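In order of appearance the chains are A, B, C and D, and numbering begins at 1 in each one.
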Amino acid sequence: MIIVLKPNTKKKDETAVLKEIRRLGYRPHIMRGVARTVIGAIGDEQKNRTLEALNSWTQVEQVMPVQKRHKLVSREAHPNNSSVNAGGVVIGGKKLQVMAGPCSVESERQILTTAHAVKKAGATILRGGAFKPRTSPYEFQGLGEKGLKLLAKARRETGLPVITELLSEQQADLVAEYADILQIGTRNAQNFQLLIAAAKTGRPVLLKRGLAMKIDEWLLAGEYVLAHENPNLLFCERGVRTFETYTRNTLDLSTIPILKKETHCPVVIDPSQGVGRADLVTAMCKGAVAMGADALLIEVHPNPTEAWSDAAQQVSLDGFGRLMDELKPFIAAAGRV
Amino acid sequence: MIIVLKPNTKKKDETAVLKEIRRLGYRPHIMRGVARTVIGAIGDEQKNRTLEALNSWTQVEQVMPVQKRHKLVSREAHPNNSSVNAGGVVIGGKKLQVMAGPCSVESERQILTTAHAVKKAGATILRGGAFKPRTSPYEFQGLGEKGLKLLAKARRETGLPVITELLSEQQADLVAEYADILQIGTRNAQNFQLLIAAAKTGRPVLLKRGLAMKIDEWLLAGEYVLAHENPNLLFCERGVRTFETYTRNTLDLSTIPILKKETHCPVVIDPSQGVGRADLVTAMCKGAVAMGADALLIEVHPNPTEAWSDAAQQVSLDGFGRLMDELKPFIAAAGRV
Amino acid sequence: MIIVLKPNTKKKDETAVLKEIRRLGYRPHIMRGVARTVIGAIGDEQKNRTLEALNSWTQVEQVMPVQKRHKLVSREAHPNNSSVNAGGVVIGGKKLQVMAGPCSVESERQILTTAHAVKKAGATILRGGAFKPRTSPYEFQGLGEKGLKLLAKARRETGLPVITELLSEQQADLVAEYADILQIGTRNAQNFQLLIAAAKTGRPVLLKRGLAMKIDEWLLAGEYVLAHENPNLLFCERGVRTFETYTRNTLDLSTIPILKKETHCPVVIDPSQGVGRADLVTAMCKGAVAMGADALLIEVHPNPTEAWSDAAQQVSLDGFGRLMDELKPFIAAAGRV
Amino acid sequence: MIIVLKPNTKKKDETAVLKEIRRLGYRPHIMRGVARTVIGAIGDEQKNRTLEALNSWTQVEQVMPVQKRHKLVSREAHPNNSSVNAGGVVIGGKKLQVMAGPCSVESERQILTTAHAVKKAGATILRGGAFKPRTSPYEFQGLGEKGLKLLAKARRETGLPVITELLSEQQADLVAEYADILQIGTRNAQNFQLLIAAAKTGRPVLLKRGLAMKIDEWLLAGEYVLAHENPNLLFCERGVRTFETYTRNTLDLSTIPILKKETHCPVVIDPSQGVGRADLVTAMCKGAVAMGADALLIEVHPNPTEAWSDAAQQVSLDGFGRLMDELKPFIAAAGRV
């Protein structure tokens, strides 16, 4: 920790700060600058108590931490890329993986039609929501366990592993029984009890970024998964909330190089939630692939205008086929297959 | 729903839109304007399927809902103010209620000292966290059930009802056993399973606004509580996340008149989380009281610099006494007691 | 400046950093911590070149400035409150000043009617736009010099000093000839050439906060005025842009105590732009007064629905009278007159 | 315009709205829905007065415009892509153009060295700031006209056209004398007087997006240029301000497909300002190229750590060479040269 004192701080006020630093387990180190006195508090910030309370002392101008707070997800802890095996499909390797399917599982016909079509077009993982978090209590909340069974059937028929959202700690075991990857949605990105419950199933966990989540907080939320002894973590950027209203969210593609620098975990991009408009999805996918994403998560529906949720952002089966074709040169340019 | 077609839309493309509108249960009504054709879709948006998928049709420029989505929390449904009785203390009546106490319950001595002191200074409800959601898995997570027992002891000694945070569906009954008000924190503001679990306990629920939650979404999250037959709902503004870094959050006091207009439920302001700096709390309280808040939620600690969490934003016992004194003229000016 | 090195930095990479620090005029001071080495660069950050480029060096984890960048606007430079005399009305003294009038000057009748009415209701300064910055080139751009002359006439008739917006460097002298206070609008808050031109007229300058302007940047924009030898500076909060769409902007009332702490200059609140809805203006004013604002800037129009700009946010003459009545107890509670 | 009335609006209140609609030049058209009455106001929103003031009428729930406000910049007005010729270099054609150079022109040696190096690496336009908008009045403000002359010299030596920022209306002719493209910076994106002055020079204008500027506002700011009879407009995304602090701004690459859809004008991406960190620039460029950007604007400096401004975000000459090499496969994949 670095503590900056206000100009002209009296000796006794400085002494009080030094005493407090020592009391909390640090060794103070004074630097007298031209305009300010700065105190370094030597000690392990991850073990000792935080000194941030000094911020409220009148003689203190700023308190600045110097250590990063994430450990297990960091590149320092694991310099090589890690990869996640989900039902035989490896995310984080040379192959760009594409997770595709409807926002919600609606019927056997809908999910099977979609599964076969996306597989044919090149998708390697099937997505579909069985439990849906909906802004209003009066909107369709998903088919629940019936939806999970339909996903399992689609997996049997196509061989595609399945990713689906986990909404409730109490359903962790149930969802893990059917899913190859557990998705933690943006609204639950800091629902730490849910993250722990997901981690404990041992299944790969795909952690979406919260609507207003800083990179640092996202890495720490991921830390909850690794700290509960589940190394199979995927970070998924899905857009953050800004002032812009043209798109549903602002998809922050800079997270790809940032996460690649800060963490060893694979990076997934969800352009469908990210922009919330089917007409922009292909362009966002091109950017994501070029920038080094390990996987894409794309909403595809046999008839988007009939979708029971998020209709505006789902691409059609034909549209998905064209998208996959258009991506090919960029996958090659990125050195992926 | 209002559907705006693009200029120069062909007859057959218009017909397709009309057909889709009918298929989803609405009656189309055409208005031909100077530059655009606009179609009203007559029907109940709360019962019929949404038409938002039309947004992705190439001939459609905009789809605009005309109905509000919240019902039970709305002023239309309940024109008079509602009030919430928490252990005998009425929030939403003439008296301004003050909920005060530490961010986290740390020890018997800490919570009892605080409880007596805040009561003496005029607080009417005791706050204190037993289960703490922490950004990092390595930070203090609260005393758990032991903390709840200490809060119950403080209630016995002082008579102050208790508010504490609920973090997990699985702990809803446990926390409800000890608490007079269940707090749903900002990170769980759209954790709908937790909202339902809290609602089902029958205890009053204080719903904090999410970090990037629009008013409309907040009202709908509250709707989850009322729709699960618990009428005892409090909305609590605690700051939203913006680009500003001087304060921890940006406390949006305009929510007071807005909520008073849109909903009948009482409005609580949390200036401590809202600005994250003890030195600004008194000023924020003055504004909140003047603008019509029904209650304040203030973090108070016997020794803020020793606090185990959120040290920078907790006011001291003396500071809280001065704050309560300074508020008096504004409480009177607002016609409260 | 504080420079944090990455863990396990090699000796030669550390030496390179030390050399660079010396080259740019600072004296390095090394602190070896448990997990990181931290280097203090001793020297005047306001005189020497910035070290921020070190951020891009691979061995550097963070570079943190320790000095604040504003000088003349700071409390350190001028511990007492300053006040601004605008045509005989003192802003920043015991009296709460109220600037009221239409968004745009539209006609002689409109501005004179408004001026007399707002004066009668207690306003002390007349506002009105003659040059209007409009998002679209096809919207009404103001009456220009004719508008200035009408404002001058209203001043002669009522004795109220006048505040109006300055849009262009080239009009600085023209506008200063008619206005008692020059308003710099939110879109020009970092138009430094305009700030300098305004400062040089010697007139008081009211500097609105930019749409996405941090406190620190706002203080520095104000610094441009004082650094060009004009001490008559007013800071005016008018809402920042966030994700919320219920209000036009999010009025950040925490700026009142923050500015009071950081600067000696008077603080003005503009609730009309701040929320963009006439029905919320009174509540926002109550909060602003309670929190210590020195003045309010309120849009008032004889017939808001006929206004040529920003119709939704202007209050009627009657509405303004009621607003002023409702404010009285809060003005008294705040110890103002 | 669409006006939504509140439920249970009385006949006389409805009649008042209809009368007002007629008074402002529109023809009202009533639709009675299940829960609301909706009134279409038929008429040209670009010619008639706005009805937005109805928002403040108590019987009105919402007022929604149906027409877009931009005209000349829109695809509707000009279905084909337009291109801009800047000193012989065509932006918006098949070739991806790269504008590269230092943030500020600092010396003859610095700008000439950079110009030769970036040309060799494949840049086609030279950038460099002569007039610099700086957050603090105490920071380096650019070499001014001397800087312009150095840019002109670099153009003579290398043949590269020059882009540089225009800060002041009063300098429009001066800067236009030396520059092939006038840059309007983010802080001046809604400085309409400056936009008009720039347009009138006849030089191509590169309009950066404001820090918190919606797409709609950006298009309208561009409209100011075209409406003043200068068709040579470039839109440049350079990141918006969000809550994230890891990067300086959040570069919104979704603007590429959005602008391509809404406007015919070429799209430029500035990754240097966009992320503010040299280590992320290459990745952002890859994404921009893949998504269809017409040009890139990249800060390059012979010795970034010695730069007089924005040191952290400038890439070195060698780094720029590597960046250009790494882009090649993505330029090809995008069908550009």
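Simple rule for what comes next: a residue touches a chain if its C-beta (ideal position, glycine included) is under 8 Å from a C-beta of that chain, and two chains touch if they have at least 3 such contacts.
This one's a predicted model, so the numbers in the text were calculated from it and none came from an experiment.
Following the contact convention of this document, A, B is the list of chains adjacent to both subunit C and subunit D. Between the interfaces A-C and B-C, more contacting C-beta pairs are found at B-C.
Rounded to a whole number, the gap between the C-alpha centres of subunit B and subunit C is 30 angstrom. A separation of 25 Å divides the Cα centre of subunit A from that of subunit B. Each chain gets a centre from the mean of its Cα atoms; for subunit A and subunit C, those two points are 38 Å apart.
Residue positions of subunit C touching 2 or more other chains, listed in rising order: 46, 212, 240-243, 245, 279. The residues of subunit A lying in touch with subunit C in their complex are 2, 4, 7, 29, 31-36, 38, 40, 42-46, 61-62, 64, 66-68, 76, 212, 241-243, 245.
Residue ranges on subunit B touching subunit C, taken from their complex, read 212, 214-216, 240, 242-247, 250-254, 256-258, 261, 274-275, 279-280, 283-284, 286-292, 329-330, 332-334.
By the touch criterion stated above, subunit C contacts subunit D in their complex at residues 20, 46, 49-50, 52-57, 69-71, 133-138, 167-170, 187-188, 190-194, 210-212, 217, 220-221, 223-224, 227-228, 240-241, 277-279, 304-308, 311-314.
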